[in-house]
Each structure stands twice: as structure tokens, then as C-alpha cells.
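Note that the chains are named A, B, C and D in the order they appear, and that numbering of residues resets to 1 at the start of each chain.
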Amino acid sequence: GCGNGSDGGNAAGDGGENAEGGKNITVILKNSTAPFFISMAEGAQAAGEELGYNVEVKTPVDTAEGSGNEQQNQLCDEAIVNGVDCVVLCPVDTEAIVPAAQRIVDADIPVVALNTRLGDESLCETFVGLENVQQGYETAKALFEKMGGKGTLIIIEGSTGAQTSLDRIEGCKKALEEYPDIELVASQSANYSRAEALNVAQNLLQSYPDVDAFFCCNDEMALGTAEAVDAAGKTGEIMISGQDANDDAVSALKEGKITLTSWGDPYMQGYEGVVAAVDVLEGNEVKEFYEVSTKVVDETNVDSFKDE
Amino acid sequence: MSVKKKNQIDLLSRFLILAVVCVGFALLRPEAFLSVDNITQVVFQQTPFTILMAFGMSLAIISGGIDISMSSTMVLSSYLSASYFQQGNYFMGLVVAFGVGLGFGLFNGVLISKVKIEPFIATFSVDFMALGLAYVVCNGEYVYGFSDGFRSIVNGYLIPGIPNVALVTFLVFAVLYFLTRRTIYGRTLYSLGHNKKATKLSGMHSDGVILGVYVTNGLLAALTGILYLARLNAADPSIRGTLTNDSIASALIGGIAFCGGTGSVVNTVIGSMIIMFIRNGMNIMGVSTNWQQAVVGFVILFAIVYERVLNNLMAKYAGKGNK
Amino acid sequence: MDVKQDNVILRMTGITKCFPGTLALDKVQLTCEKGKVHILLGENGAGKSTLMKIISGVYTRDEGTVWYDGQEVNFTNVRQSMEAGISMIHQELNLLPERTIAQNIYLGHEPMVKGLKGVIDYKKMVKDSRELMDRLGLDLDPNILVKKLSIAQMQMVEVVKALSKEVKLVIMDEPTSSLTDREIDKLFEIVEKLKRDNVAIIYISHRMDEIKRIGDCVTVMRDGQYIDTVDVEDMDLDTLISMMVGRKIENMYERHYREPGKVIFETKDLSGWRFRNVNINVREGEIVSLSGLIGAGRTEIAKAVFGDEPIEHGSYTLYGKQITRTTPVKSVRNSMGYLSEDRKAEGLVLQMPIKENLVAASLTKVFKGGVLRSGPEDEIGKKYVAELRIATPNAEKLVGELSGGNQQKVVIGKWLETGCKFLIIDEPTRGIDVGAKSEIYKLLDRLVGEGYGILMISSEMNEVIGISDRVYVMKDGEITGEVTRENMTQEAIMRFAVGGKERAVNE
Amino acid sequence: MNKSQKGGAAGLLAGLRKLNIPGILIGNIVLFVLFGLANERFLSSYNIMMIFRNTCTLLMAALGFTLVILIGKIDMSVGSVVSMAAVSVVVLYNAGVPVALALLLPLLIGIAVGVINGLLIAKCNFDFWVVTFGMMSVFAGLALVTTDGNTVAIKNDIVNWIGNGKIAGIYVVIWITVILAALMVWIQKKTKFGYDVFALGGSQAVASVSGINVVKTSIIVYALSGLFAALAGVLIACMTNSGSPAVGVDYTFNAMAAIVIGGTPFIGGKGGIGGTILGALLMKILASGLSLVGIPATWQKAITGFVIVALIIIDVVNDHRKNIKAQRRVYNNVG
């Protein structure tokens, strides 16, 4: 790609600068309703304001698996049509987005990958985000420590095939290797949904009433699982870990319904994503990977983790 | 064979499928599946939500239509009412929730009965509207944490041993069964499913009943939404999930024919139970979630073939009896 | 009856056909000759259509043999019989409303582009249809959609369709049930021409007057059984009818005329989609007929009055109540009944039991306070099955399993049960056998005796003249004349129906 | 008649009415103009090509499906076949199957699903909703199982060329879709098979007493529905260089919507593929336009719903008006 911030030619043949004269950055996220991504969008917008760039955040209309990628494809083309200067892309589907990313690159628009990697990493200037594997690993490790290094574990997976979910499971399994006394007894998907997690966890609790902990691939499912555990009257006995530290999960953590979660700071991810894009546009040197730190949140730092 | 008898046999055959599913899992994992806890949990806590939504789908199908907007109406109404319930303003919560349900139900009903739009396309568009508005309203602000008082409408026990949500579902079932089987409303509903024109020309309130069906569905969606708030302790757009598909599947597996005019809410209950027990059993067995949908599909196909075989056997038997 | 072997085109013997629950045909035989019109006679449900459908391959027989054109055949689908030169006009209209006349005429045997199998030559199709229609005297554009035609025109298109291929045997199953005299004449001309071309014709009709007009020989069937085959010349109609019904029917059109009472129904300049400025009235104890050619707009009046179609101008009074806008619900409440011309699509719910159809228009009686009491429903079912002599073991049977005449009785029962006093009946005996007809006429007579006012729409002249007190005649949406019982003749009615107002007045 | 002489807008409108342009086409044009006015980039050649490109897969899935609806039935399994085909291309290729076969075998899967549907429905007389819904569940599940839920990438030049290459400046997928759509329109309008489809939709009874082989025609219709759904899946695999088991989820309902908006009602027997093309286009124009003129994603769904309802209402009202007019015309002509 071209990292020098020139307008470049693009397929629509239009100049990239808008009326106010600032440069345009389009940020394409996965969805418009999850708190995680709304926070990310806010971060991106804030960075744009600070740095004097026009940041436009676009998301697919449907949050369901099926249409997400198709609609992101359309948004990529729209960015080309609008002749923006840089695209910050957080793909729903790592692999399926590659041709669309290729089209952006072919139109001489640089791409910054955000939060989730691209299937073909050569297409992006840089990746801003966190290592989900690492996040999963650290969360799992913290959970296992709390379990005292032994006991039984159930994994509640996200939507089958979702990259984030796969990575977090991989991280968890890596941690499992270090704790030979912890036994993984079951692993089932609840499609990132609170309602489904509630049913799945209830069902699994029938099979494994003595399970010691649930490792859930996001907070929504952790909250669903917490309700199942609560219904079984085992709150506090069974540990539950989530991911993302969204507001509901933080409340639940304070109530003691879930044990821990981890914070990937979506606001910072969005912010850093735009900063990286600006770096690219201004010709500054960019690293291959801007890592946003993750933090395990438990009852000790639940009130302060965002300030640190 | 009289209609009544044939319906009874159909129903019985669906019961048998349910029994086979249950016995199968019971043999495979008796200790987990057969526990009283597990069965009551599936029947009293998980199935009610599917059943309530599937009731609506069934009413629409019996009347010769379909309603795919219910799950989105449910999401929207639960969102809009959630904060009232959280603040303890139950009155406003109920007004808002049922108001939204009523509004969308009326809208559907008018589009279908007065404007004469096909039920699929009408409810398809309304589904877009309701879900779209839910996205707009929600805007990432989930509502979490309800008082124990509120949550007890699901988890509490007015009658020992039976959670309130099951009680509510049973009441809805009883009302709907009565409505569809014992009242003018029901008679018109079934008549409509078979022949709209003749129903209208007999001076029955056909438009009114169609309107009634979709309004009922809106209200059912609102009710389910409130129950979900209490069960999940949160308002969450992902609850929509696969409910539309599940409710169609419940009606189909339960034996409600899509051409309209046949089946009853009893079929719906059985259909929902079959699906939920399959889910439960497969979770318990630790089978990958990916297989669940395929298995539900196989059961649907199995059910029709099996029913055909049964019917043929019955006909043969009846034929012999006649000779 | 001796039959010259080489002249025989079709010979069926020992044909048996069983449907679940009914033995539709029991060892039936039939022999047809080239260039002859063979009439098939029998009550509703006697098995006539079933036998014909076996010939044309719609159904397959259970037992028996069929010789056709010199060899034994067993058609298992319609295509085979079509290719063998058999063509059938079915009892129901078999047209596609959304397709053009040409497409309907050549449905199933469309002309192909030369050298390209499977590609249709629409131009040729239109040209051929036009020729064919010209030949048969049907003046229509082959490119218009069939849904725009009147029922009579559709029926004529059916005839054209049947003759659009090389035929040796034409089966006509009640082709005239919805035709008026003018089209019937046209049809019979065609039949004569076919006879001259040495084509064999099997003809089914419930209109007894047609037997003598075109028939050569008659086969009578009853309850799925073969009764006899006779030459038309050798037989008088009454004997044929008693052979067919199994009893004698005396005085088909039995009416006890009385002095009519007060006016109960009166329209004032009523206009609607396809009629205008209609002024008619019906008095207590009267059967008033609306006559006219098919498509004159009579059904539209009935539908507008009942509330199924809008009234655009004018109004009507019913029992002193003035009505300008109504719906079926209100009409039933206003004590009106409407027996529609299409009983299967509009009158009955075929998949529901007899008793439930019987109470369909008076649900409040069996649903006290909206809730079902099963007692009254069963009683009503039993009552009408007995009273109207509906041929069924019980009132639980699905209406769809009844024969046409019995279905019609259920519809009548439905309206009787409402206790309405004003009844509009549209083609009450269409497709119904003589036996059932005479019973229906008796019933109507009884009803007016009890003070009912009846407005009857009928295309069958005999029945109009036979049982009505007065006749209004319509043409093209307007009432062109009124004929009273004193001067009620076919000619008087036809003059208004064909000529319209001016001519009738001038003469 | 006076009206058209008056000229001006009223005359133009009256003239347009006479042309009898379907509401859906007017809807398309109106949207095009509106979006064009709101943002001139909407009318850029790149964007228009992208709208066409985006329409391809939806239209492809709807092509065969339209025939199913024309015969008065439904095929709920379309979406699952789309997914299954997309996944199969990738899995087959990655398992070492030659690329041509990897692209063709999934089509056979589609045809097989269609034939099974057709046999169960037309031959064995099972309810078409139940059968196709069952098949939907089965194949949605199998697609998930095949890749264990993952999206799998495919790296092959031919595949990429089909999905992302161009001929004469226009995407290959657009060529393929246009050619197949044209072929289907031709088949539907000009061939015996097309005639039979309309006959079946008008009435099965009429078709069968007119000597049309109902069973065979139904099976072919379902097979085509499966084939085109599979084609859509294959195209998706080519366009995204990957196969994902969830890609087809929304295709069934979206295709149904495109078909119904396009003027083919569920009762069958009228309408046709021409309308479906416009219907599919309309859905994609809406999606692209709403986003391009800056309507927030959260609002787009609701607005799409409103537009569909509005269009359908216009259609229904129009139809109704035409019906009344036809009734009157008959009466005036006769009188």
C-alpha cells in the first residue's frame, strides 16, 4: 500500500478531501448494537476530533453471522466510492473480507486492521488490537488460580467459527496445559447469546452438577451462565469468567455473580486504530502491530480498572 | 375415519416421537437426563419461551398465514419497557410492553386483513421495522439487573413446584385452547384457514379474526419479552436468536399443516417439547452444537414419513374393518 | 341394441373403481360409436365423471377392460389418451385465469418452433387459435387473459381447447351448466359438425331437454352401477328419469302460488361495479327471478346487496331498514341469506364436517355467549340431515365427501338455520341432478309458503318459468323488463334479455 | 384522452400509466433518482457496478426459487444449500479435488437436494413447507459440521478470477448472472417447460388434466431451485475466496422478499423472473443508497421495512384499482 498520505487515484475518480478540507477516515466495525463496538466507535471518533480528521464509522445493518460479511463488503466499496483516505477495518470474517480489502488496496487506499486480523496480513499497513489468544490465556490463568489449580471446567464457546471465539478457546487450552489438575469436561457453543447460554449452561449443569468453573468466550454468555448457576442456587460455588468487561458484566462482578472478566479496552482500540491510520496517512513510521493491553478484572480492581 | 379420530391419531403419533426422543436420551445418559431436576428444568423453564412464541406462529398458520415478526416485536417491546420495570414502575412497564405488542400486532393485522398483503411479506417487513427500531432504541445501552420482586414472576413459585413462568404459559395455553376450540373466534379461525371466501360469505367476522390473530401474537410477543427480561435479568437483542425458526419448527414438528385449518395448540406444545428435549439431550451428551440443527431437521423429515406410514397402516386396518 | 363392430370406437366392460370409503363404479359397461352422441345419465354421484376420467387417464381403473379404436388400452395419464385422440371437457372449468386464451387453448400441446424441441412458437399458437375460434364462431382476441372472460366465454374456450387437436372421441361433462341458450345453440352446432366428421361424442348433462335434442343413445347409471343403454328415439323422458332416479318424479316444478304479502326487499337506483340503476322488489311469499344472459351482471347485484362488493350509488331497503353500505356480517344480521353460485369456493368449507357448515352462518346459536355448546350443533346437524334428506350416514362427515346435490342442500340448510326471511339464491341447481332439483324446488316452495321472500338468479329457463312468481330480466347491467306469471314465456323473457329495453318497448 | 393532450406532468403521468409499467420498476427508478440527488457518488460507475455485483448472489439464489413460487410452493432450503455449496467448494478444493470439480460438485449437491425435495413433495405428496423446512435444518446443520463452524479460505487463481476478475471491465460474476438470468427469462417465457411451470402454478389439477407431467415438472423446478442456490453459494465462495457455513442464513427470506416485491405472489401462476430481477436489485439499491447517503446503520433496517411495505401497498392498491377498472371496462364495452 501507499503509506505517504497522498490522495492517490481511486476507482471512483473522486478527490478524497471533503468540504472542510480535512482527510477522511472510514472505520468499519462489526456491529452497531453491542456495547463493545459502540465504545470502540466512540474511541475512533474521539481520536478523529483530536487529530483533525473526519472519521466516519460504518457498520453492517445485520448483526447476524450470515449477512455481516456481505454488508461489510458493501461498506468497503462505499469507502472506495467516497474516495476516503484510509480505511480502518474490523472484519466480521477474517477470511471472507480479503477480496474486499484487496479492492481497497487496489484503489490505493491504505487499510488498517482493527481488533481482528485480516486473512491476508500483507493487505494492511498495521494491526491494532489485542491478541485474543493471549487474552484468553490470561483470563483462563487468572480463573485457574482462583480455582486453586484444580477442579473441572466447562467452556462456553461463541458462535461456531467466530475467530475471536476460536482464539480465546485456544488461549484457554494453552493455559490448561499448565494446570494438569484442571479437567476440561465439556465445551459447547451458545452463539454469543445470553439467552442461549442460559439454556446451554442449565443443560450442562445437569450432566456436570459438580463442575467448578465456566470459561465463557464473552460477557453476554457469562451473564447467561451466571443466571443458570443462580437458578441452580450455586452462585459463589461455581466460578464464571467472561471477556470484555462490559457494563453489565461489571455490575454482575460487583454482585459476585461472575468471578472475573477481562478488559480489552475497546475505546482505546478504536482510538489507537484511528491514530495508526493517521500515522499511515502522515507518512509516519508504523509498527506491524499496535497491541492494546488487556487487563483481567476481578473484585479487587473492578472499580478502578478503567483508570489505571 | 372421522376428522376427530384422525386428529387424535396425529397427536398421538407426535407424542410417540416425543417419547422416542426422551427414551433415547434416557437410555444413553440416564443419570443426567432422567433426573427430575433436568426434566422439570426443560419443561418448566426452557420450553415456555419457545412455546409462547410458537403459539403465535401456530395461530397464524392455522388461519392460513404466517407471522415472522414476533421475535422482533418481542425484542423491541422488552427493550422499551425494560427501564420501567427496572425502576419498579410496573404499570408503565406493562403499558409500554403490551402497547408495543398491540401496536405491531394491529399493524400486521391491518396490513393483512384490510390491505390484503400476503402475511409473509407483511410480517417480513414488520420484522425489519421492529428489529430496526430496537437497534435504534437500544444503541448499545443494555439494561441489566432487575429486582428480585420482578424476577420472581419467572422464578418465583405461586404454586409449589411449578415456577411461575410455567404457570403463565399454562394459563396462556388454557386460554388459547379454549379460544380456539370452544369459541366463535376459534371456529372462524379454522374456517378461515380452509376457505377465506366461504367464511366471509357466511357472515363470520373473518377480518376481525385475522386482526385478532396478529394482535394476539403481538401481545404474546410482549408477554414473552417481559418474561425474558425476568429470566435473563437483562434486555438483550440477541434473545431474538433462532426463535422465529424454532417456532416454525415447533408448529411443523407438532403436526400443524401449513395449508391452514388444522392442528391445535396442543400440537404446538408437543412440537416445542420435542425440539427443546433434543437440544437438552444433545447438550447433556456433549454433542457439538453444530449437529443440533441437523438432528432437528432429521426429526422433522422422520416425523412426516413416520406419520404417513402410520396413516397408511390405519387406513389398511380401517379398510379391513369395513369389509 | 346391436352395434356394428367396425363402427365402435370405445368399449368398456366390467369397470370398477374404488375410492377410499366409496365404491364409485361397480362393473360398469359402455359402448360408443363413431359419429354418434352417446348420452350418459345419472344422479349426482352416480359415477359418470369418474367413468369418463378413467377413459381419459385421470384415474386408473381397479378392474375391467377398455377397448379403444380396435385395441385394448390402459391409459395411466392424460397425455396418453390425448395422443390417442381422446379429448375431454371436464365438469369444472380447467383454465388458467392468468394466461391468455391462446395459451389456454394449446395448454399441454403447444406448437413448437420447427427444429427446436421444447421451444414454443407463440405466433403460430395465436394464429391457429384465431382460426379455430373463427371456425367455432367465438369472436375473441386470443391474446387477452382468460380471467377477463365471462364464465360462458370461458366454457366456450374449453370447447375450443378440446377441439384444438385431432380427435376421435370427445367427452363433454356438463358443458352447458353455465351456458345460456344462445351459447348452447352454438355448442350444438359444433356437436352436429363433429358428428358429420365421424367423431364419437360422450355427453353428460343434467338438463333433460338436451337429451332429445342431440342424443343418439343413452346409458343410464345409478349409484355406480350400470342400468341400461337405450336408443333415444325409443324412450320418453319420464321413463328415463325414473330409470335414473329409481322412482317417478311427478310434477318437477311444484308451486303453490299464493297472494304475496308486503314488500320486504326493494332497491332504489342501485348501482355497482357492473350494474346500474336497478329497481327491483321482492314481496313476502314470492320467488322473484333475475333472468338474463350469463354475464348480465346478476351475480354482481347479489354480491353488492349482500355486501361482498361495494354499492356505488343508490340503496335498498330490507324490512323497512334502508341500507347503503353493508358487509356480509351485517347482512346476515339483517336477516338475509346468500347462496352463492360457486358452492365449493364460496359456499362451503369442504374440509369441515356437515354440521359445522350447517351452523356457519348462525354461530351465535351454538356458541352461547361465544362459547361452544356441542348439544345444539349436533341437533342442528341431525335435524337438517333428516329434513333436507341429505344422503350421509351422519352429520360428522366432511362436506367435501358429499355429492353436488347434497352439498347444495347443506348450503341451503346453512341459511335456513339463520332464520333469515330473505334469501338470494344464485344458480341454486347448477350441476344438480333432476331428483335433487325437484327436492330443492319443493323446498323453495315450502319456504315461500312460510313467508320467505326469495330472489333467485338462474340461467336455466325452465326453472325460472317453472317456479317464479315474477321475473326481472337483465341485460348488460340494467333491468330491461319485468315479466309476470300471466305472460311468462320463454320468448317474453328472451326478448328483454337479448334485445334490451328499446326493442322490447318498441315491439 | 383529454388528459394526455393537456401535456405537462399530468399528461406524462397518464402516458406512463398507459405504458403499464410495474410498480417495482418505478420504485427502482425513484430510489435511484432520490439517492442520486442525495449523493452524486451514488451514480458513479463504480458504485453502480458494485450494486450490480452485490445483487448477483441474491438474484442467483432467487432465480430458481422464483420458479418454485411460480408453481405455488416454497423452498425453505435455499439458504442452507447456499451455505452448503459455499462450504463444499472450499472443503473439496482443500482436500485436493481439482478446481473444476470442486466448483461443479457443489452444484450436484444443490441439484440432489432439489430432487429429493421434489420427489418428497410431488411424488410422495408431503407438505412442501415441512419437507423443505426439514431439508433446511438438515443442510444448515451439515454445513456447520463440515467445517466445524469455521470459515475456511481458498487460494486459487481461477476461483479468484471468477469471483473478482473482470471481462471487458465488468465483473465475471455480473456476466455470469446476467447470462443465466437472461437464459432463465427465456426459458420461462419461451419454452414448454416455462409454460408448464405457469400451468402448475395456475392449478395443479388443470395442469394434470391437460396432459402435463406434474411430478416431473415439479421435480425439475425444485432441482433448478437447488442448482441456482448452489450456484449462489459457489459464487459467494469465489467472491470471498472462502467458505463459511453461515453465509446462506438470510438468503431464504431475502430471496422470498425479492420475489414477492417483484410481483410473484405466493399463490403462484403469475409474475416471473423479470420481476425478481427488479426485486433483488431494489433490495440492494436500498442497502447501498441508505448507507451512502449517511443513514445510520441502526436506522437502515427499519427504513428498509417501511419501504418494502410502502411498495407492496402501492402495488396492492394499484392492482385493486386495475381490477375495478377492468370490471367497469367490460361493462362499458358490453353496454
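Following the convention adopted for this analysis, a residue touches a chain if its C-beta (ideal position, glycine included) is under 8 Å from a C-beta of that chain, and two chains touch if they have at least 3 such contacts.
For each chain, UniProt lists the protein as follows: B, D = ABC transporter permease; C = Sugar ABC transporter ATP-binding protein.
As the structure is a prediction and not an experimental result, all values here were calculated from the model.
Relative to chain B, the most remote chain by averaged C-alpha coordinates is C. Set side by side, the interfaces C-D and B-D show unequal numbers of C-beta pairs in contact, with more at B-D.
Note on chain placement: the centre of chain C and the centre of chain D lie 42 Å apart, centres being C-alpha means.
The distance from the centre of chain B to the centre of chain D, with each centre set as the mean of the Cα atoms, comes to 30 Å. Put simply, the C-alpha centre of chain A and that of chain D have 34 angstrom between them. In whole angstrom, the spacing between the mean C-alpha positions of chain B and chain C is 44. Chain contacts: chain C has no residue touching two or more partner chains.
Of all residues in chain A, those touching 2 or more other chains are 32-33, 61, 160, 189, listed in ascending order. Contact with two or more other chains is made by residues 144, 148-149, 297-298, 300-301, 304 of chain D.
Every pair of chains meeting the touch criterion is listed here: A-B, A-D, B-C, B-D, C-D.
Within the complex formed with chain B, the chain C residues making contact are 20, 306, 308, 328-329, 331-333, 338, 340, 345-353, 356, 360-361, 363-364, 367, 370-372, 396, 398, 414, 418. If you check the complex, the residues on chain D that touch chain C are 190-195, 198-199, 202-203, 205-213, 269-270, 324, 326-328, 330-331, 334-335. Remark: chain C residues 56, 58, 77-79, 82, 88, 90, 92, 94-99, 103, 107-110, 112, 118-120, 122, 148, 150, 273-275, 295, 297, 476-478 touch chain D in the complex. Chain B contributes residues 68, 111, 115-118, 120-122, 124-133, 135-136, 139, 248-249, 252, 257-259, 288, 290-298, 300-301, 303-305, 308 to its touches with chain D in the complex. Those residues of chain A lying in contact with chain B across their complex are 32-35, 37-39, 61, 63, 157, 160, 186, 188-196, 198-200, 202-204, 206-207, 220, 223-224, 227, 231, 246-248, 251-252, 255.
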